[in-house]
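Notes to accompany the following structure.
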């Protein structure tokens, strides 16, 4: 019988708003905006567990993308207040998948997407060669709800 | 002796944050980001006095730009929390000037800029011809601190 | 025995370049840039067969997104000259899938993605309600190589 | 009588196009797009005289902004083909001013702006401290038309 604790991911919340310049001539959100939000949400999620942008820089860490996708369900308009709810759905050896739900303030789900990222380290800072690394268990644990 | 009440403008506050994708390979904010913020700050300022995006759309209002400028004083980095403090410095007959100070959470001023905009109205909605209009005194009064 | 002519899609080519502000502090392309390019490539592709932006506006046409995805294979750097090669892989009744290959000038494939879009029409121009429509055969034919 | 050769600046040309996502719900160009173009035009101008992005990186060079401004004269629409015509109007000891005229394919001037930039060098690559430097005469000469 397994004594493995069930994986129970925590959720990060990134508040955002649709601005005038995020919209296109159809009067709704220009879709790459959702990907900008997803990227910002992932950084905010890591910040929330102690991995700030400053720490990424100091430790030469990186999390480049392997792939990204998004399904658009309901069109957002200027001034809509939203939040991106992020969870890490899966950790591989050197990569991980972040799922993002984008929800309007009234609860309507606007979009849902995912990013697959690699955990990596620059030789000596941004601009220098970057190598993927095995994701430490200590990092994986940060995104798991404690029993 | 003038009985003209002194003009005392109110200040709008638009909170924002420097995101990963707002920065360039030098590791600091890519300067057009400041102009994106200034535009968003102006919309938020009008929203704060009752002129929401929805109202702009319903009344076919517009506020296109005549000019914009910005002085960059101190380089912002990823994750810096900032606010744009906006005041309408001058109302002309059909145009107005919004001054924006961009200040980091610790009080350091990062940039200061201004936008000159025209007050206008679309014939029948975005995409149709737009004409400038005399700015109503009722609107000017909304941006003046009451005695 | 089928007399159905084999479907042989034409390819659109959209030239682009990685600019300073398209890159992030890691010194490589910020990934939502690829989605901006894919969107521009689709518009350019339609323009190349006679469906210009002006015509979209005049006929109240729209092609909103259902979903988008991209796989990132090789990191682009500032000044890299690229092209997006687009084909319509599949037409459904009211939707279609555009496949995009993003290739650097030296032939290296940087990324490949797809967009699923709906064919639609605004009631009376951008901002008014939009309804999906059956894609006319005449449009489908424009993206098929003639025998 | 002065024997000083008259300064006769060369002009760089950066072709660009207004894309769907560069426009806002009013159906015209979102103004920070002009600043993105001006930045790209400056990089392209330096590339045209031999200072490529690769060389900037290799020699740890930088040209951060002091200020930027733009006057908007005529609204650009989706698909408009334009060019940014750039000249260096003035070289100071450590700074320089680039003037940009943004012109539509049919010759209509859409906007004109300027950027004031500092000539600088990173201690050891992007992300490390940057110091301004005296602009070498050899660089100034590159932007002057030869007699």
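Every chain is named by a letter (A, B, C and D) in the order it is written, and numbering of its residues begins at 1.
Just so we're on the same page, a contact is a pair of C-beta atoms (placed from the backbone, for glycine too) under 8 Å apart; a residue touches a chain by one contact, two chains touch by 3 or more.
Quick caveat, the model's predicted, so the values are computed rather than measured.
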For the sequence-identical pair chain A and chain D, what is the superposition rotation angle on Cα atoms, to the nearest 5 degrees?
180
A-B compared against A-C, more contacting pairs
A-C
State the chain with the largest centre-to-centre distance from chain C, centres being mean CA positions.
B
Which integer distance in Å separates the CA centroid of chain A from that of chain D?
34
Centroid from C-alpha atoms only, then distance chain A to chain B, rounded to Å. What do you get?
30
Suppose each chain is reduced to the average of its Cα coordinates; what separation in Å results between chain A and chain C?
25
Which chain A residues touch at least two other chains?
20-21, 25-27, 30, 32, 36, 39, 57, 78, 126-127
If we count contacts the way the header does, which residues on chain D are in touch with chain A in the complex?
20-21, 23-27, 30, 32, 57, 78, 125-128
Per the touch rule above, chain B residues touching chain A in the complex are 19-21, 25, 27, 36, 39-40, 43, 47, 52-54, 57, 77-79, 126-127
Give every residue of chain A touching chain C within the complex, in rising order.
25-28, 30-33, 35-36, 39, 57, 62, 64-72, 75, 122, 126-127, 130
